[in-house]
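The two complexes that follow have chain A in common; it is paired with chain B in the first and with chain C in the second.
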Partner chain A sequence: MLWETLLRVLVSGIANGAIYASVAVGFSIIYRSGKVFNIAQGEMLMLATFMAMTFFGMGMNHWVALALTATAMGLLGLGVERFVLRPLVGQSEMALFMATLGLLLVLNGLGVIMFGTEPRLFPDVLGTERWLVGTVSIKQSAVLGTALVAGSVAGLAWFFRSTRTGLFMTAVAESHQIARSLGVNVQRSIGLSWAIAGVVATISAAAFMSGRSVSPEIASIAFVALPVVLLSGLESIGGVMLGGIIVGVGQSMAAAWLDPYTEGGASLLFPFALMMLILLFRPQGLFGWKRVERI
Partner chain B sequence: MQPIVMQQGPPPASSAAPIAPVLSVTNVEVRYQGSILVLKNVSLTVGEGEVVALLGSNGAGKTTTLKSISSLIQSEEGRVTEGQIHFLGAHIHNQDPVSTVRRGLVQVMEGRRVLEHMSVEQNLIVASAPIKANRQRLRQALDEIYGVFPILAEFRDRQSGYLSGGQQQMLVIGRALMAKPRLLLLDEPSLGLSPLLVHTIFKSIARINRELGTSILLVEQNAKVALGVAHRGYVLENGRIVMEGTRHELLNNEDLKEFYLGISATGQRKSFKDIKQYRRRRRWLG
Partner chain C sequence: MYRACGSFSETYSDDMALMRTRWQWLALAILMVGLVCYPLVASSGWIRFATITGITIISVLGLQILVGLTGQVSVGQSAFMGIGAYFGAIAAMKFHMPFPLPILVGATGAAIVGVLFGLPAARIKGFYLALTTLAAQFVFQFTIVRLPDSWFGGSAGISVAPPVIFGVQINSTVGFYYLTLPFTVLAVFAALFIMRSRVGRALISVRDNDLAAEVTGINVIYYKVAAFGLASFFAGLAGGLLAYENKLAHFEQFTLFESIWYLGMLIVGGMGSILGAVLGAVSLRFVQEILALVSPRMAELLPGARYDIAFPMINVVLGVLIIVFLIYQPRGLAHLYRRGERYARVWPFPY
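Entry: the complex of A and B
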């Protein structure tokens, strides 16, 4: 009985953690490149979701539709960087943050205007099967979605650590001035980061929305991704997977064991309570960059 | 490459006056934020294969000179407001710093600016940005740097933020070589290093010049050690060039001996007080 609950908690926690991780990795990629905290990351996920549904609605093959969405979202990322953020180069981090807040409001409004507020069903792109483990039923789409996110995060971590372009981008994350002095085109790296974040938003949509009823409100999932980013560390790429799972599983546990006594408050509060603890005791997160102090 | 044989000074062959300058800075004036005037009518040249020292005390404008050549001054809202800078025949002042690096002019900034969360080898790979490098060419370039600084090969996977000061200085110099520059700008490589390490670093600088043929513009407060490897030198004070000459001219110049090499005509160290007085006088005169 306890084992079943635990298994159920783990399964739903890991699946939720994966979606948090996929939104968090988009945050990190953008933050690293230009120290911009893109609060509109959830709106990018929402836009990718509805764009894909629009293409599905036109009768396109699912994978073609997703590839098209990824391309469009990549271009959107490039456009946002080029026309919203680049003109603000040299402004304070606060100004940049406000720009992304503006982006959030614009995309949010656009979402509602174009897609309405009525929930709609996202097709079962990742299958509809369920597997029984004991009495716990596990959805194929959740397993595939988690695997898709884990694979993407691992791929991105490898890209930033082991390819030349990725290393240029990591250098940009460390210091624009040093990168520039070595001949790295900093502006191009930042643009590329936004493009990648757009593609990642599409992957999140494909991984998580399969078979769900969705409305523009799904953008708010990004708020739970914030504690994940801080837990794993703002600059960390691979770390978001562990951060996401810790938050997801913790939240599931709170939901299973504390929510009955707190009228559902514990699971809502858990990620943010964790965030406060991280900020207090380890501000750079589990894998984030701390300035090297040498004696 | 062969192990370094101790040498007294630079090779005589290239110590003659330059014929074709790689770099020429002509009557340059530099301002920060459109108003703060820092360099006044600065002119200097670096010939093919030459090591040129730019000496001067703290605040003289040495770093500003290097950054105006590399255009890195732009990120501090600085600009060349008068005069010209040419590198291999092209105008390079107030350009995109990345395009200057692509032309083959790389600055090693003051203060051992390693990419501290990246490994030694990752630092080097980033510096291959300006060259078209396939896997094999990249490997060759890395091995060349490891040839110059074997310690970097030993620590290639170590996070560069945890290297010692001397190792970090080797890394930033080696890193600059990845782009196969024709001209290297070095900003105070001796700063904060022990005399033994300074010796090692300067041997490497001389060797880079000799064996790779890289021209070098070397900024130093430590005039003695700089003139140990330089063919010629300039002295900068309050944003103006106040003295120039070959290595021997500078080494034998009484003023320079007193105030930058710290040796008076009688062979004794001048006291700090005298130097202060001299400064004060210069300020009135300048």
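Entry: the complex of A and C
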């Protein structure tokens, strides 16, 4: 009985953790290559989801629709760099953060205006089968989605560690000034990171929304992904997978064992309590660069 | 500060005076009379707008002390307002305190919670600190519903009876306007005096360079945490007033969007000046009011005819305004006002 509960908690925790990781990786890509903390990452996920649904609604093949969405989201990322961030080059990190808060308002409002607030069903793109492991049933879409996210996170980690472009982008995160004087195109690096984040948002939409009913409120997933990215460290790309699993499993444990006593509050509060603890005791996270400003 | 030719000070107290010429006193008097007479000319919708704007000004002033003076960005101001509203509502309804007390209880309670959430400021700064205020926002929203209904009313919130002052029950739009006005005026002057006092100068020095401030003998951690307390006190004051105005303290009035809007008001108004907080709050509330009036018409023009686009329209316009001001006028409306003032002083000469 305990083992069955534990297995169920693990399965749902890892699947949820992968969602958080897929959003968190968007945070760390953008932070790692431009020192911009994009609080509007959840809104990008929401836009990608609804854009894909619009394309599905036109009767397109699922994969064509997803490819189109990825292109559009990439262009959106480039547009954000061009019209919001480029004019703010050289401003403080806080000004950039507040600009992404403005972006959050804009994208959220646009999403609600264009797609309405009523929940809609996202089509099954990753299959509907369920597998039984012991007594616990596992959805095929969750397994495929988790694998897809794990694959893309691994690919991105490799890209940032081992390719020339990825290393250039890492250099930009270290210091705009020095990167530029060494001949790195800072603007292109930031633009590219935003485009990648847009594509990643499409991947996470495809991986996790299939078969669910979605409304613009799914954007708030990003706030639960905040502790994930803080836990793994803002600059670490591979680490978000581990961070996501820790947060996801912790949350489903809280849901399984604490929620009955707290009216469902424990699982909602867990990520934020964890976030406060991380910020207090290890702000650079598990794998981040130790650069947090102290007084 | 640009002063008219011939207006010079002979004593130190003259030099520090807030009001230095007779014309300034006159302008202040006219403004006050105008504010008092406003309900005589405005329709009830616009009186309510003025009340809400006054409450917003109080909250944004608090945020100005935290963000503009101390340089610690907070995205949780409306959560602290909510705490003030709930504490005030409980003081009024459960303990039956007479009118001004519940608001003070709410403000003090909010200040205490604000200090608690500000404690991480002792260890971290920058946007890591902003994230703790974001956590405060969510902890507030998620906790208050799930605590036992007998504590904070659960999902229904706490309804607040109209306040009674000297035996008169205040229950009309005009009444709430006159209830809010003294608090707003007091808050503006309190913020002005805080900014010009030792505390304000300490906060500004912490913002400009906390290392240098520490070396000069300022207790940096104390002032950083105290700024959270002050900001939350103002927020709690505003929240308590809002609870009276809406006759309800409810967590859905205090969302993350509200918090971001307050930050937007600060950016549009101008960081680090009291005038900026007032201008930002008034102008953005005005934009919101106009959008709320216009958007039902706009919804008819859009395909699909959705009638609930006021809220997302406000978000889009405010978000665009935040970005535009950050890019083109990072010092905000207050700076534009000062430039206009200077231009008017030397007119018709260029300088």
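The rule we apply is simple: the second predicted complex is superposed on the first by the 290 of 295 C-alpha atoms of A that agree within 3 Å, B and C clash if a C-alpha of one lies under 4 Å from a C-alpha of the other, contacts with A are read in each partner's own complex, and residues count from 1 in each chain.
We take it that a residue touches a chain if its C-beta (ideal position, glycine included) is under 8 Å from a C-beta of that chain, and two chains touch if they have at least 3 such contacts.
Model, not experiment: these values are computed from the prediction.
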Should chain B and chain C be called a clash or a fit once both complexes are overlaid on chain A?
fit
Would you sort A:Ala21 into first (chain B), second (chain C), both or neither based on which partner it touches?
neither
A:Val36 in the overlay: touching chain B, chain C, both, or neither? Say first, second, both or neither.
neither
On the A-aligned overlay, A:Glu263 touches which partner chain: chain B = first, chain C = second, or both, or neither?
second
In the overlaid three-chain picture, which partner chain does A:Met276 touch, first (chain B) or second (chain C), both, or neither?
second
Does chain B (first) or chain C (second) touch A:Gly102, or do both, or does neither?
second
Under the stated touch criterion, which partner chain does A:Leu66 make contact with: chain B (first), chain C (second), both, or neither?
neither
Between chain B and chain C, whom does A:Thr170 touch in the aligned arrangement: first, second, both, or neither?
first
Give me the angle at the C-alpha centre of chain A between the C-alpha centres of chain B and chain C, rounded to the nearest 10 degrees.
90
Larger contact residue set on chain A - chain B or chain C:
C
Identify the partner contact of A:Val249: answer first if only chain B is touched, second if only chain C is, both if each is, neither if none is.
neither
Rounded to whole Å, what minimum CA distance do you find between chain B and chain C in the overlaid structures?
18
Overlap of the chain B and chain C footprints on chain A, residue-wise?
292, 294
Show me the residue ranges of chain A that touch chain B in the complex, using the header's touch definition.
161, 164, 167-168, 170-171, 174-186, 235, 289, 291-292, 294
Chain C - residues contacting chain A, complex
71, 73, 75, 120, 122-132, 134-135, 138-139, 142-143, 145-146, 210, 214, 220-221, 224, 257, 260, 263-264, 267, 302, 304, 306, 308-309, 311-323, 326-327, 330
So, in the complex, the side of chain B touching chain A is made of residues 70, 72, 75, 97-98, 101-102, 106-107, 109, 113, 115-118, 122, 125-130, 133, 138, 159, 161-162, 175-176, 178-179
Enumerate the contact residues on chain A facing chain C in the complex.
37, 84, 87-88, 91, 93-95, 97-99, 101-113, 116-117, 223, 226, 230, 262-265, 268-269, 272-273, 275-276, 279-280, 283, 292-295
